[in-house]
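What follows is a set of notes on a single structure, which appears directly below.
Order as written gives the chain letters A, B, C, D, E, F, G and H; numbering starts at 1 within each chain.
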């Protein structure tokens, strides 16, 4: 059974859910903005896997899911670009990318 | 141009460049405070090859000190010896035979070419091109062979004596030198096509590291560093010594003030030195190479004497303070690279490290000559 | 027309890739393992500085894990978006010469639009002087 | 080819052997070639023509101490050279040497090679960072931004070729270049499958390959005159050896790709001997050019390099892409 | 599609080996993800991210789209990870402590939330009976290209616009501090 | 001196050692480290006329971690000595030291009474394997030094002395 | 715009010219003197370490005046001699040259008015022992005599 | 030409208008005069002297007191001189240290000027000229290394050529290694 897991939709969905969970965990525990960004990328990857899994197993048009995944990648890249430049701007302002520091300095 | 925006540098770090660093041509150390790729501040630390030539000068007799000069600057050794013998001759009133002076000039100019060739190779190697170094050293080997045949050494010549020379040149040397001149001219053309015209090379040097004439003056820069900044200064012209007034040669001056200008000056100087050698060989008079009467022991009268010459690296000077004894009372060696290198700290501020090291290469450093 | 997609189509490919990955890893790990077998275990030292970071023979001043003002960061930002953009052109390029589009210029216009929008990023960066490298004037401290 | 264990093992071993031999003997060729350019013989006393020099160097490197500086990130310090080496070998999985000699042809072959190459690029960041050495750190930042800058024109030029061919399958690309020598993608012939600017595409692609593989004049990562030994400053022994071999393996991969995309792969104008030899011939001519260029030019500056990419290569290759797209519509 | 109905192939058959590879990929993905979220040093997090995404790319391959898999590597490993590591060198080479805003409870709390969410999704996924429809094309790269030029042309152009705006925004934000000084 | 001083490894057997030593002897990678005049002759040796590369020894590595031989080419000053020690430490085993030129052997002409700034020879603080005298030595002498070191390392008298010209 | 393309063109041209030059160099013969197999002849004035010059009978010409010792800037030379009983001239009993401190300046040879010392043509000294370069010149002369 | 101007400018530093010492008049270029001077080692008065270029290699020789130094150097700076070197001489018999400044010009109107100032050997302090000539920085540090002369106001007076912790001054005549 275990060796045939790759032909099973549920496997992929569970993997997607696990990645999502890891991402959530990361976002909560990470202290720095960059760490949070990394965790966010994991969440996106988890959801992407879901799209791709449905694409393979259930969708009538197998292009749709792929286009979705590609679009997610593009958005993730844009998010990373903007997010990182915001992080740099924050760093310039507060000389730290620690979320706590940023909050404290503002308040 | 707008007024320069003064930047508060981001977090900086200190980078050691040297003493063991491929770009420093020896044991020079530059402590650079960097902000990313940019240099915020540089502090040159020298003295890693400080061997105290000046103290040796005080402890040794005049002839015994002769060998030190060539260890100071091992690339253009003869120019330095020339200065030393000139100042002692001037102080003790020894008259040098004309033939000896001509031979000295020829040898010094050949040595200057050798030095410039080595600099050319090392400079291009700093910029990452290896083959020009090999070609330049091949040409240099021809000069070294000629000089070795006369003086007996390859680098650290001990050839000039007070009043004349150690030994005379022969026909073989003259023939070899005559053969060498056209070959060198051909090589220069090759270098021009291979290196000078190269777009990558030019892009790396054009407009990089401008040195204003004012800055040169404040630091006392000489040689190509000054001449690349539009200063027409060459001791051979400004304070003619030896037989240089007899020769017809030009002082290349460039007004661009950048690294490329310094490069061009040196490359042009090779051609000018070739001209001097050519004329020297043509005009070479006969006669002795040592004066008829020469004091057995050199004891210049008390007083202080100064002599400057144009070596391959710039205006080299010897200040000799004599108390009339066998040893100099004080022998100050004014080395040109010392002043040229001093410029670096201020000039490289705000440059990128690549440009700064290319600039350092364009200064033509010989570290033992700075540290003495 | 029956299209196979639900079943896994690339069984051979994945095995080949896996085999080459394993081979590559073995080839890269092998020498390191051999080095650990044959290398001298001790280092003769004078100053006890064998494990110090190399800094041209001097003691390093300050840590190296510091904040580098990375001047290339802006390039990386442009690259990030640009790269993703360019990658989208791949499937389009594959399909571009297809007989399906032989008589229309719609695809050409779309590509022109796409590249045009893309180029604006470079134009903007160029105008804004991102590609300009100037000597900086730092405040003296 | 049927998928059997024997086949796979043979292919993997062949790829590794090819990569390793190339890495070793390209070093030899480089040293000999450089020597010839500089009018000296080069390593010539160990074996005939110095052919034993690479194994001797290899033996020496394997018996040399591998020091990990104290305070460095040990795991990543070891991982970085491995990451530099194995993607290059993975790339051989889909490179066709002839119409039969290919491990496994894949329909996204080009993308796969680029993907593996980009994995190799990250090894520089890790090497520089884990060494905890300032030179290494600066160098890795440089090398990565360089690799990153040149990936774009390279991709765009590849897209041009893909557009002409209509496939990302490497074998398909080569097949479309069969016929006379004029069908090679490098030649500017008007027609359905070619366009006028292809020679420039080739130049752009070649330049990018030089830059991607960190070769002179773009070897800023290892710029000796500034950054000591660059990102592998702290690596001795086989750590350094792997970086070195990885570099040469990448050169081979890059040259293979250039041959396939532009020089007609195994296609030959005359057909004197089997196609694979033509492929090898073209491959080594390209590599020879790499060596030739390295020993001719000085190094560029980092900003000159980035600007060359952003100001010249990318606009030109974008224009080229549009031009090709237009031509394909016209004809 | 009930998992229990699928017979497990022999280990040394093609199917079996592919299954092994799949398991490795899953392991890589999860381990990479954990490294990315748990390591003390941000650069290691990036390394974990890369490992994770290589694994994800492998999973995409198993989902019949090598193209998306390669895009995943090219975009995430080749571009996003590079940019993140630059940002790290620019802003925070070392992360001192990991536990964040809410103090010492954040770790367990985060874990709890994450486990809850992941578990919920997993149960949902396992218990639902997903409908299956016949495929209308082969989902190849060419098909993607054709659809990008026809059905999804809006997506295609939007990607370009989104990324353009991202670049412009990033440049404006990142350069802001520089021009002011 | 020399080979027996190299610390041992995990795996040792005679044949491998012999092979490894031959490998080592034919691929000396010197550290790019010039101090004074002799460094110029060292460069000249690397260049076309004399061509060190024939012995496989032209790979000048700028980083101490990648080099096998430290050629001390020039006068060692007291200011420089800690740096040289550090560089020596940082070179991984096996490593050798060549003292090129009189200054590196004994201080050379700069050893005089009242001298305060130089160390009288590299062997005061480094285990020197080969000495090459001269001021500066001719490039042939450096080649001869490499040959001597090859003999020392590989224990294989491969080269005969050339006829003195 | 024109300038942009001219620069590209000229740049490319300069690169090709450079490559042409290295290409030509590639086919030129090597200039290397393969040292252990072939050697350069040292020129007549080549300065190696000094050597005692024998007279016709193979004995040293030296008269132990000590001028060379005095002239030497680095104290390399130490010599001694004694008058044999009945002899007129001093005879050399010891002539040591510490070559490791010599700077090859030639002062000693120059100062000798008897032509008793001269430069040797040894140019490829290298050894694993430092002591090899502290020459006993008298002994060397005797070995040569044999 | 420029020499005369500079001489006048420098002479204005000495309001007393000290007469030129007779023994060093340029009319007597012979070395005998020098030997005479050596025999009579009377410390020289402050003032400007014109020297024979052919014998000494410089044109003007100005001895100033330490507090006049900055003024003298500014005069040279305004006349576009460049700095050649700074050095010291240890006159141990007179218990004095001399600091010698060499200046020259870039143009063809050659004029070499030597400015010297004598200091007490036990407390050698002299104002720095780095404010006027930035290039004097290293020269002064070097002189400090070798002679222990303190340059007041120097921004960074630590050993340059000697090791950083050096506390000896090797060119003093009573230095023993």
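To be clear about the criterion, a residue touches a chain if its C-beta (ideal position, glycine included) is under 8 Å from a C-beta of that chain, and two chains touch if they have at least 3 such contacts.
All values reported here derive from a predicted model rather than from experimental measurement.
Peer 1: Using the touch definition up top, find the fewest steps from chain B to chain H.
Peer 2: Minimal hop count between chain B and chain H: 1.
Peer 1: Quick check on the contact graph: shortest path length from chain E to chain F, in steps?
Peer 2: 2
Peer 1: Pick the pair with more C-beta contacts: B-C or A-C?
Peer 2: B-C
Peer 1: Indicate the whole-number Å distance between the mean C-alpha point of chain B and the mean C-alpha point of chain F.
Peer 2: Each chain's C-alpha centroid was found; their separation is 29 Å.
Peer 1: Counting in whole Å, what is the centre-to-centre distance of chain C and chain D, each centre being its mean C-alpha position?
Peer 2: 14
Peer 1: Could you grab the centroid distance between chain F and chain G? Build each centroid from C-alpha atoms only and quote it in angstrom.
Peer 2: Here the centre of chain G sits 20 Å away from the centre of chain F.
Peer 1: Centroid from C-alpha atoms only, then distance chain A to chain H, rounded to Å. What do you get?
Peer 2: Chain centroid spacing, chain A to chain H, equals 74 Å.
Peer 1: Which residues of chain F are in contact with two or more other chains?
Peer 2: Where chain F meets two or more other chains at a single residue, that happens at 9, 20, 32, 47-49, 51, 54, 62-65, 79, 83, 87, 90, 92-94, 109, 112-117, 135, 138.
Peer 1: Of all residues in chain C, which are in touch with two or more distinct other chains?
Peer 2: Counting only residues that touch two or more other chains, chain C contributes 3, 5-6, 8, 12-13, 15, 17, 36, 38-40, 43, 50, 52, 54-58, 60, 64-70, 72-73, 76-85, 87-88, 90, 93-96, 98, 118, 125, 133.
Peer 1: On chain D, where are the residues touching two or more other chains?
Peer 2: 3, 35, 37-41, 63-67, 106, 111, 129, 134-135, 137-138, 141-142, 145, 148, 151, 166, 168, 224, 228, 233-234, 237, 295-297, 302-303
Peer 1: What does chain B use to touch chain D in their complex?
Peer 2: By the definition above, chain B touches chain D via 13, 15, 21-23, 37, 124-131, 134-135, 138, 194-195, 198, 200-201, 203-204, 352-355, 357, 361.
Peer 1: Given the complex with chain F, which residues does chain D contribute to the contact?
Peer 2: 31, 35, 38-46, 50, 52-53, 55-60, 63-67, 224, 228-229, 232-237, 240
Peer 1: Which of the residues in chain E end up touching chain C in this complex?
Peer 2: That would be residues 14-15, 17-18, 21, 24, 58, 61-62, 64, 66-67, 71, 74-75, 78-80, 82-83, 86-87, 89-94, 132, 134-139, 141-146, 148-149, 153, 156-157, 159-161, 163-164, 166-168, 170-171, 174-175 of chain E.
Peer 1: Inside the complex, what are the residues of chain C that reach chain F?
Peer 2: Interface residues on chain C, with respect to chain F: 36-50, 52, 54, 56-59.
Peer 1: Taking the touch rule as given, give the residues of chain E at its contact with chain D in the complex, in rising order.
Peer 2: Residue list for chain E touching chain D: 14, 41, 43-44, 46-47, 50, 54, 57, 66-67, 70-71, 73-74, 77-79, 81-82, 85-86, 89, 140-142.
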